[in-house]
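Worksheet for the structure shown next.
Residue numbering begins at 1 within each chain, and the chains themselves are lettered A, B and C in the order written.
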Amino acid sequence: MSVLKAENVGISYKVNKQWIGAVREFGITVEPGEIYGIVGESGSGKSTIARGLIRYLPSNGRTEPGSRIEFLGEDISAAPPAQMRNIWGARMNLVPQNPMAALNPSIRIGKQIAELIGAHTDLSREAIMDRVIDGLERVNLADPEKLVERFPHEISGGQQQRVMIAMALSTSPKLLVLDEPTTALDVTTEAVILELVRDLIKEDETAAVYVTHNLGVVAQICDRVIVMYAGEIMADAPVYDLFYKPLHPYTIGLLNAIPQPGQTKRDRPLQTIPGRPPSLADLPQGCVYAPRCPLAIEICQTKPPLEAPEAGRLVRCHRWKELADGSINPRTVYATDEDAIITDTLDEEREPLLELDSLYKYFPTRRTVQDIIKGEKPSPVRAVDGVNMTVNRGRTYGLVGESGSGKTTLSKVVIGLFEKTGGEMILMGVELPAALRGRDRETLADLQMIFQNPQNSLNPYLTVGQSIRRPLMKLGGLSRTEAETEVRRLLKAVNLREEYATRYPNELSGGEKQRVAIARAFASNPMLILADEPVSALDVSVQSAVLNLLARLQKDRDAAYIFISHDLSVVSYLADYIAVMYLGHLVEVGEAQELHQPPLHPYTEALVSAIPIPDPARREDPVLLNENIPSARDIPSGCRFHTRCPRKIGAICETDAPPWRADGEGHYIRCHIPIDELIEAQRKTLPEVEHS
Amino acid sequence: MIRFLLRRLAFFVLTLFLTSLLIFALTRVLPGDVAQVILGREATDAALEATREELGLNEPLLVQYVDWAASFFTGDLGQTFSSPRRDINELLGARVLNSGRLAALTLLLAVPLAVTLGVVAGLSEGKFADGLISILSLSVVSLPEFVTGLFLINVVALGMRQLPIIQSLDWWFPASSSINPNATFSEALPFLWLPAITATLVLLAYVIRLVRAGVIEELKKDYVNTATLKGIPRRRVVFNHVLRNALIPTVTVIATSTGWLLSGLVVIEFVFNYPGLGRLLIFAINNRDLPLVQAIVMVTVVIILIANFTADILYAVLNPRIKLA
Amino acid sequence: MDNIQRIVQGVLRFIRQLFGDPQTAVGTTIVLLFLFLAFFGNALAPYGANETGDIPVSAAPSTQHPFGTDTLGRDVFSRVMIGTSSIFQKAGLGTLLAVLIGTVIGLYIGYQGGWIDEATSRVIDALLAMPALLLALVILGVIRNLSLEQGSLQFLLARNSVLLVIAVVYVPIVARVVRSSTLEIKTREFVQAARIRGESLGYILFREIFPSVVPTLVVEASLRFSYAIFLVAALGFLGIGANPPTPDWGLMVEEARGGNYNIAPWALNFPAAAIALLVVGVNLMSDGIKNIVQKSE
C-alpha cells in the first residue's frame, strides 16, 4: 500500500481578504522507502504543499474542498487537528529547514526528543532515554549521553540538523517530510547529511518527501521528482528520466541554467530563462509558464492538461510530444547569450592590479576570567592570517571556503570596510591605504563591491536612478545631466529598461535588484569589483542571467573580479583562477579549470567532492569531513587542516607548517604530500570530468 | 557565571555612580546658590553663610561631591533642613517601609493578573478575548493615576460609606488615612488597598502589553511548529514550550516596572495622602529641603538599580542561551 | 523634485490609512479636535480663564456654563478649552524637541559605535534608572526656586521649564530607540555601499540611514506624546508643573479635589475627563500608527 496518496490537492492563502491559490491540482503517490523530490523556485508552492500534505498550514491557509490526501489508506484531507495529533509525531514527521529555530532554545536536547517518544509510546522514562540515545547514535552523533544534557545553541548547525533527523526518526514514522533540510548548511556538512538521510530512509523503509530548490541535491538523493512552477506540477518523473529525457521546457530551462561540473564561461555561456515567475494573485490565462517559455505558441493560451507520456511520468505541456520524439532539441530551446561568449584565453599575461602581501586581520576578543587570572592577553580571532595574492587586470579570482574561513573578511579589508591588522596592499603599484577615509576619489572609484543580499543592497527609500546616479556624480565627477544619461546607459547594460530609473527597490524582483546593484558598482568605472556571494540569494533561473551579465561586463569593461562563493560549481564556471581559503589563509591557488582534476589540496578535494552534482548517474561517495571546524581563535598547529584531513600522513602534519608545492604551471598547493603522490591518490577517487 | 556576575555588578556600580553624579549636579550645581534656594529670596546674608557652612557649600565641588557620596554610602544621610530638623535616616526608614508595603501589595495584585491576562490575550490574538483585554488595558492606561485615585476615593470609598450595608465594614474604609508607623501589615491593609488598586491599574496595562507581545512573538517561532507536529496536546505546546520562553523576559518587565511603579506611587501617595516616600518627596520639594530631596531620590534609584540587577541575574539563570561561564 | 513629491504622497497615504481603520479614525479625530482647540481655544472660549465677575460660584452645568463653574466662580468649560494649548505646548513641543535631539544622538552613537557609543549608552542607562516623573520633579523643584532676572535667557528657559523637562527626560529614551534601530540598519549593505563610495558622515546618517528609522520613530514619538501628556498632567496636579491660577488641566483637578469636590464635583470631573479623552485619542492613534508601520514592513 502506498504510504501517501494525494489527488487534486489545492491550497489557498487568505491575503488581504482574498483567497489566493498557492497550490493547485497537486497529486503525489509515495511508496515505502521511496524519496520523492519536490523541486521548484521560490514562490513555486513547494513548501506550501509540503505543509499541506501533513495538514499543517498557517492559520490563513486552507485545503480546498475536493482535495484528497490519503495517508496509509485513510483520507486525512479534512481531518481535524485532534485527529492529526495522533498521526503527527507517531507516523508522520517533518525535518525543517532551519534546525536552530526548530529546536526549543530553552529545553535540553534529550528532553525534546523524549517528549516526542513519550507522547506516542507507553515506555518508562529509562526506556525512552535509551531510545533517545540510540537515535542519536544512529545519526552518528558522538557522545550521545553527554549530548542529551546540552542545549541547542551549544552545538553546531550540522549537529542540530542531525538531532532533528534523530527526533523525526525516533518513532519510526511511515512518512518523513524534509523541507530544504540542508539549505542552511555548508556544502561539506550538506554532503554528510544527505548521505545520512538517504541511508536511514532506505534502512527504515520510510516514505520521504524531499523539498528543495537545488537540482544537484535532487539528483543525488531522490528516486522520483515533481517539478513545480507557480503552484502547479509541470513534470513528474523518475529522477533519471527527468535529467536525461526532460519533457517540459521549464525543466530544460532549469537544467541548462546550472553549470555542470567542469563547465566554465569559456566553454559556453549558461542558458537563461527570460522574465520572472507570475504573481499568484494574477496568473496568466492558459499555461502558467507560457509567458516565459520560448516554445510557447498559440495553443499555450489554453491551459495544458497533465498528461502521461508513459507509465510513471506526467507532464503539463502542449508540446511534450515534440520534445519526446526529438523534433525539438532541448539544447536549443533557450537562446544562448551571444554577448556573454568569452573568446580570449588565459595565455595572455595581464599586468598585476592588486597585490596582497602577508595580509592580516585580527579581531580582538573580550578577556575572560581565565585570561585575567593567568595574566594573558586574550587570543584574537585570526580571521585573515597571512594572505599573499596577486590579482591581475581583467581577470576573475574565485575565493572559496566554508563559512568562517575568512573570505568575506578578506574582501572587506581590501575594500576598506575593515582596517587591516598587518601586511601590505598594493593597488597598481601604489600602497592602498587601510582606512576608507585615507583613500582618494580615484582609489574609491577603482574599488567597488557587489553584495550578497539584493534585498538590502539598495536603499529602499531611493529610486533606482538615484542609487546609480550617486556614484556617477560623487566618484565619476559627472554633472547631473551627464549622470542621467549615464544611468540610462548603465541600466541598458544590465538589461533593464530605462523606466526602471524611477522605480523603488520594492517594485523590483530579486534578480532585478541585483542587476541594479551591479550597475551601481560599475558606475564609477572600477578596476576591481569584489563580489561577495552575488548570486547565492537568487533562484536558479535568475542566477544564470546574472552570471552571464557579470562575464559580459567584464569583457566590455576589463574589470577584475574577486568572486566569493560557497558554491564551487558557480565559482569554477565564472572564475579564471581559484584561491581556496581555510581558517584565515590560502591552501591552494590555481586556474579554475584545474579544480576538477588532481592534484588538489585535500581540503579542496573534500569541497569538490561534496558538491551535489546535478546528474543522478553520478552518485559518488563524497569525501566526508567532520564538522568540528576549529575556531579562528585557536588555530591548530602545523597544518591547519590536520584535525579534519582525510589524507593526513603523520605527526609532521601536526607539528610543521606545510610548504607551498608547485606543479610548475602556476598551480600551488600547501601540503606535506608531494604533488605526484597527491595525483596518484586522487586519481582513484575524484570523479571524471567531461569537457564539452 | 562569576564573570557574568562581575560584569553586571560593574554595570550596577557604574550606573549608580553616574546617577549620583547626576543627582548631585541637579541639586547642587544647577541651582547656582543652594543656600539661596533653601532659605528663599528674603534670607539674610548671615543666614545664607551659616547654611553654606553647614552644608559645606564653600568647598570645591569635587570635595562636596565626595563628602556627599561618602556620607550616603556610609548610611548617614544627615538631617532635614526644614524644621523641625530630623534625622533623615529615621524619617526615611518609616517611609520606605510604608511605600514598600504599598509596592509589595501592588506587585502581588498586578503581576499574576497582568501575566494571566497578557498570556490569554497573546494566545487569542485577534479574537474576542484579545480585543476585550486590549480595550480594558487601553482604557486603564488612558487614565492618569490621580484620576483613578480620585475616582476611587470620591465614588468608591466616600460613596460606599453612605450605603447602610457598607457602614458595618468600617474596617475597610477608615475615616482617616493616618497610619501608625509601627502598624503591622494587616493593620495597615485598610489604608493600603485603595492606593494599591490604583497602582495596580497603572501597572496592569503596561505589563499586559509586554507579556502579550512576548507570547505572540514566541508563537511565531519555528519550534512551536516542531512541538505541535510532535502530536502533543495544544495545552502542552503552550505550557511546556511557548510560555517557558515567553515568560522569561517577564522577569525583566517586572523589574523595569518597579521604576514605573515608584514614580506612580509619588502621585498616588499624594492623592491618598499616604505617608510614603513619594509624598515625602513632594513635601521636601515644596519645603525646598534639598538634602532630603537628594536622599529620597538616591534611595529610590538604589532600589530601582537593585531591582534591575536582580532581574538581570534571574534572567540569565532562567535563560540557558546566556552563557554564564 | 521626485523626493518632495514622494514625501507628500507618503504623508497623504499615511493620513488616508489613519482614517481607514475605525479605531484609529476615532483617535485621530479626537487628537485633531484638541489640536484645533489648542490653536483657537483661547479665542473661542466664552469666558476668560480667570474671569469671575458676575458668574455664580460652584454652579452646576447648565447651558450658560456647560461644565459648570468652580468654587471661585470660574467657567470650567472655558478653562478646559484654554488649557488645551498649554498641554499641547508642553507635551507636544517637548516631545518634538526630545525626538529631534534624541534622533541625532541615537543616529550618531549607533552608527559610530566604539567608546563614544559605550560612554553615551552608559549615561543614558543612568538617566533611565531615574523614573521620568522623579527626574522632572527634582529639576522643576530646583528651577522654580531660582531668582532670575526678567528677560534673561535663564528666565526664558525657566518659563518653559516643563517643556524642557519633557525634552530632557525623553531624549535618552528616544536616543536609545533610534540607536538600536540604527545598529541594525547600519549593517545593511546599502550603508556599506555608501561607505565604500567615501560618503560623509552626515550623508550616511541622514540620507542613507535616517529614512529607514522614520517608521520606528513615528511609533515611538506618538507613544512618547501620550506619556508626556500624563507627565504634564501629573506635574500640574502635584502643584509643581504649573502655578495657580493657570488653567492647567492637572492643576484644575488638584484645586477641585478634597472638600471642593463635594461642592463642585464637575470642576474636577471635566478636566479629568479631558485628560483621559486626549490620552485615549493619542493611544488609539498611536496603536493605529504602529499597525500601519508594521503592515508596510
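Simple rule for what comes next: a contact is a pair of C-beta atoms (placed from the backbone, for glycine too) under 8 Å apart; a residue touches a chain by one contact, two chains touch by 3 or more.
In this text, all values refer to a predicted model and were calculated from it rather than measured experimentally.
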Chain closest to the middle, measuring from C-alpha centroids that were averaged per chain: A
A-B or A-C - the one linked by more C-beta pairs in contact: A-B
Mean-CA-position distance for chain C and chain B (Å): 23
Interchain centroid distance [CA atoms averaged], chain A/chain B, Å: 53
Contact footprint of chain A on chain B as seen in their complex: 2-3, 6, 221-223, 225-234, 240-241, 244-245, 248, 319-321
List of chain C residues in touch with chain A within their complex: 2, 188-190, 192-193, 195-199, 208, 211-212
Parts of chain B lying in touch with chain C, wherever the complex brings them together: 11, 14-15, 18-19, 21-23, 26-27, 30-32, 36-37, 40-41, 138-139, 141-147, 150, 154, 259-260, 262-264, 266-267, 270-271, 281-282, 285-286, 288, 290, 293, 297, 300-301, 304-305, 308
Contact set on chain A toward chain B in their complex: 54, 56, 81, 84-90, 93-94, 96, 98, 101-107, 115-116, 119-120, 151, 153, 164, 368-369
Interfacial residue positions of chain A with respect to chain C in the complex: 415-417, 436-437, 439, 441, 444, 447-449, 451-453, 456-461, 463, 467, 470-471, 474-475, 502, 517, 520, 524
